[in-house]
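Both of the next two complexes hold chain A, though its partner changes from chain B to chain C.
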Partner chain A sequence: MLMQTLVTGIAVGGVYALMAVGYSLIFSILNFSNFAYGSIIMLGSYVGFFSLTSFGMPFPLALVVTMLVAALLSFLNERISYSSLRKRKAPSLYFMISAMGTSIFLENIVYATIGASFKAYPPLFAQATVDLGGSTIGKLDLFAIFFSAAAILVMHYFIKHSRTGIAIRAASYDSTIAQINGVNLNYVIGLVFVLAGLLAGISGVFLGLKYMAYPTMGWITNKAYVSAVIGGLGSLPGAVVGGLLLGVLESLISVYIRSTIRDVFSFTFLITVLLFMPSGLFGKYLEEKV
Partner chain B sequence: MLKKTVSFLLVCLFTAALTACGGGSGGNSGGSDPILIGHEVALTGGSALWGESEQNALDMEIEKINAAGGVLGRPIEFKRYDNKADQTEAVNVANRLVADGVCAIIGPAQSGVFIAATSVTEPAKIIMIGTTTTNEKCTVDDDGSLHPYNFRTTIIDSYQGLVAANFAVEDLGSTKAAIFIDIGSDYSQGLAAHFRNVYTQLGGTIVADEAFRSEELDYRAQLGKIKDSGADLVFMPTMQKEAGLAMKQARELGLTCNFLGGDAWASVELVELGGAATEGCFYVNLASLEDPNLAEWVAAYNTKWGKNPVMPNPVFAVDALYVIIDAIESTGGTDPDEMAAHIENIRDLKVLTGYISFEPETHNPTGKSAVIETVKDGEFTFYKGVS
Partner chain C sequence: MTETEQFDLRIEGLNVYYGRIHALNDVSMTVPEGQIVTLVGANGAGKSTLLMTLAGVLKAKSGSLTFGGQPLPDAPHRVLAGGVSLVPERRRLYANLTVRENLMMGAHLQTKMSVIREDMERMMNLFPIIRERVKQYAGTLSGGEQQMVAVARGLMSRPKLLLMDEPSLGLAPLIVRQVFETISGLKEQGITVLLAEQNAMNSLEIADYAYVLETGRVALEGTGRQLLEDERVKEAYLGIQKKSVEQ
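Presenting the complex of A and B:
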């Protein structure tokens, strides 16, 4: 039972982690929580659905198409909702309000055009599960965990070692100084949104496959956001650890205490972490963030 | 200049919006003032599928009624607004309907939403008839006081719970049941409580009592616990979305037991989302597409809208419409107190689902029957009728 609980927790936490990385990436550079990110994931989920069903694409192609479209949407999200605020040096509260507005706008666009009905993805693997020493895990979960881990690792490597990655890190440190030193801030911010968008595409497809696509699914990213805060907003390893930790903790509480008070525990955990470590487990104020 | 242009455009927009709002639906056949009936319905959000079906059914009915000369020589007109099946939104919609001057309201279809709207309609003395509002509190409060203007055309949760528990024990031979509910839903909690009472009275044991919060999608932790409890049946009085997903996840975890649910499962989305995992599940429904009494109406609906109605909301909405029309015709007007006094004494009024009578003490219809449906080869199939 314990083993199964842990396996389930990691499977759930893996999804949180993937979405949390997107939140953290944007926070690291603009210092605000992009609540529109959930809607980009939602749109990604729809793109994946229509690529697979209406256009009959094979799964790998649909995944790539979704990642690209989500990246474009995320880029447009920045250019339309935030860049003018950025140019006017608006406080981050305005960014958040703009983000919430964008999120509600996108949700309602979907209601008005596609409709409210739930879209179930065609099954990728027939209800197949893998046996892990007595506990079962869905093939899809395993695939999602490995693919997400690979995507996060590639992202991490890119930010740590590439020239552009260094520019991103420099800008997340101090955008003004980075700009003085020749970093094209506009380009870097655009790129960060594109990267976050690619992850949103992956999240959208996996969420759609695992559950379904529907207009308000962006709100399930709330837990991902909590994960990112626990891990330390702005820290990519923190987002991953926060996601897995939250997923496992929730499963343990559901099984060994009571599922009805699971969220009470999740948020108590969040508050406790913030009380003792205000910048989360891995967050570092005024230090390296990405 | 720019300011003037902007103001002019705003005025135009405002006028256009007002005109659009005033449009409503249904024909305006006669020259006399139409009788306004409100329709509080979810046209977006998770319950939109039923809401749309309610809308279609009522529009079809009203077209027929107005073509035949309306009621008291006046045409009927709907004032319809979307409440998103949301309690706050329902209060806004109720306020708007009261301001529009409707004489009665059909809907909302969800118990919690209906109760929320009552806070507006009761002080304003507006008759409100719930369609699938099965929770007792919609018409009678916990302290036993009756909501004088609230009625419903459907069965109540205690009856639905009774039917489910009886079916579980007698037809499925269940002795150990797990209950899995949405903790954020009055409907889910109420139905589960009634099921629990009857099931234990019949000798069954509840071996697991698990819950999730609305908007959650992953139930594997709870389902793992249910699997461990050795339950032979999971009673899930949840919406179709959660039920479909939960069944899928349960089968993935290797649960082999039966699944039983309530009327909220009755949407094709249950099968779309749950896929093969929903095969053989059972649920209590308030009305069935295969009911021979409804065959003619279902065919007419299908001809007009090109698809079948999503049960059970549309038929209860049409029942509610007939009840309101009967009250207007019998009292010769739209006085709310006279209408309420008439409705609670209605006996054997011919409506779409059969004949309806009301209990004056509870404002519930009497003698309504339920059906058990199942999923067979991916299709909803009538299993048996219960009365």
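Presenting the complex of A and C:
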């Protein structure tokens, strides 16, 4: 029982971590919380659903298609909602309002076109289980863990070691100087949204598989936001640790106490962490010496 | 551009505003290829504004900026591609990146890794301290070390013209001397330098030509030696009091 709960917790936490990494990437470069990110994940979930059902694609193909479409949507999100604000050097409050507007718009577009009904993914892994040391573990959970881990590791390697990754980190620290060093900021910001979109696609598919696709599912990503804040906004390792921690603790609470107080717990946990560590577990980098 | 065309920087009638504040007022100056030109002025005189405008970060209201006969682009990354590199005030290293990564960023437009490695080796010979620090985060270095890295980062793009904003700011006198020796050395490598400094004494000594900026205007110009001898410069920037003869 404990083993099973932990695995489920890690699986959910892995998806939280994916979303939190996406959030954090965007936060670190534009310094605002992109609330529209949840809607991109929601749209991704629908893309995954229709790829599997209406177009009858096999799962791997549907996942890739969803990632690409979500990346495109995320890119358009930046170009339409934020780039003009960026050029006018607007304060980050404006970005947040624009993000909320985008998010409400996208949700309602889905209501108006696809409808409010929940779309259940075909039962790909629903019944499939594996026996692991006496506990039955859902295959879906294992897949979620595998894909989240793979995606996060690839992303980490890219950000840490590629020249573009170095440029992203440089621009997130000081975008003016990065431009002076030859970075085309427009390109780098576009790329960050594409990367965040790829992660949104993966999380959309796994959230759909686990909880179905529905117009307000973007609000689950509040949990991703909570994870990112617990880990320290802007810090990628923080986002991963925050996501896993939240996922595992939530599963334990649901199983051993009551599932209804899960969300009460999550937000209490957030507030408690912030009370004692205002910049999260992995707050921002070393201060510059003057 | 013809082969004989010189890579001179020409600034003509430049006006820059910060909101309503007229930060640069009808500034004209020339930085001839291969020379060190110094910009002396107090805090707020407009030195940084001028360099940031040249680098494409700030927009000019009017006036013309040309480098080697071509107008300077208005986007920072294209200015750099044109061979003009800025070492910013207060160094502004990426504290979250290692020294090596900071240098890599200086060479961001260079596509050949072999060239980058070669240049990095040159920088480590120029500033031996960098060799010991390459793997450290830039935020952990001392002020003087950070300045070396900032200059090296500015040189990694192999610029024709290096703009330097207050490289001596906050450094110990011994390190300041080292920095100015380095700048003189750049001239020998054929790099043109436009140097903005509050430290008038040292910067005028190495300057071929110099301008004095006062509240956004060019107040005075001349060779470095001329300005060092000038009574107004002595009094205002070198701290030498004129003896009052007449009562």
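Methods note: the second predicted complex is superposed on the first by the 275 of 290 C-alpha atoms of A that agree within 3 Å, B and C clash if a C-alpha of one lies under 4 Å from a C-alpha of the other, contacts with A are read in each partner's own complex, and residues count from 1 in each chain.
Note that contacts are C-beta pairs under 8 Å (C-beta built on N, C-alpha and C of every residue); 3 or more make two chains touch, one makes a residue touch a chain.
Quick caveat: nothing in here was measured; it's all calculated off a predicted structure.
When the two structures are aligned on the shared chain, A:N184 is found in touch with chain C, with no touch to chain B. In the superposition on chain A, A:T53 contacts neither chain B nor chain C.
Of the two partner chains, chain B is the only one that A:T136 touches; chain C does not reach it. Touched residues of chain A were counted for both chain B and chain C, and B has more of them. Once the two complexes are laid over each other on the shared chain, residue contacts for A:E250 go to chain B alone; chain C is not touched. By the touch criterion defined above, A:T176 lies against chain C but remains apart from chain B after alignment on the C-alpha atoms of chain A. Once chain A of one complex is fitted onto chain A of the other, the partner contacts of A:N31 are absent, as it touches neither chain B nor chain C.
Residue contacts after overlaying the shared chain place A:R163 against chain C, while chain B stays out of touching range. Common to the chain B-facing and chain C-facing surfaces of chain A is no residue whatsoever. Within the complex, the chain C residues that touch chain A are 55-57, 75-77, 79-81, 85-86, 88, 90, 92-97, 101, 104-106, 108-109, 137, 139-143, 146, 153, 157, 170.
Of all residues in chain A, those touching chain B in their complex are 1, 4-5, 8-9, 11-12, 111, 115-118, 120, 123, 127, 129, 136, 138, 207, 210-212, 214, 216, 219-220, 250-251, 254-255, 259-260, 262-263. Note for the complex: chain A touches chain C at residues 163, 166-167, 169-170, 173-174, 176-185, 285-290. The touching residues of chain B, when paired with chain A in their complex, are 44-46, 48-49, 183, 210-213, 215-218, 220-222, 224-225, 228, 241, 244-245, 248, 251-254, 269, 272-273, 275-277.
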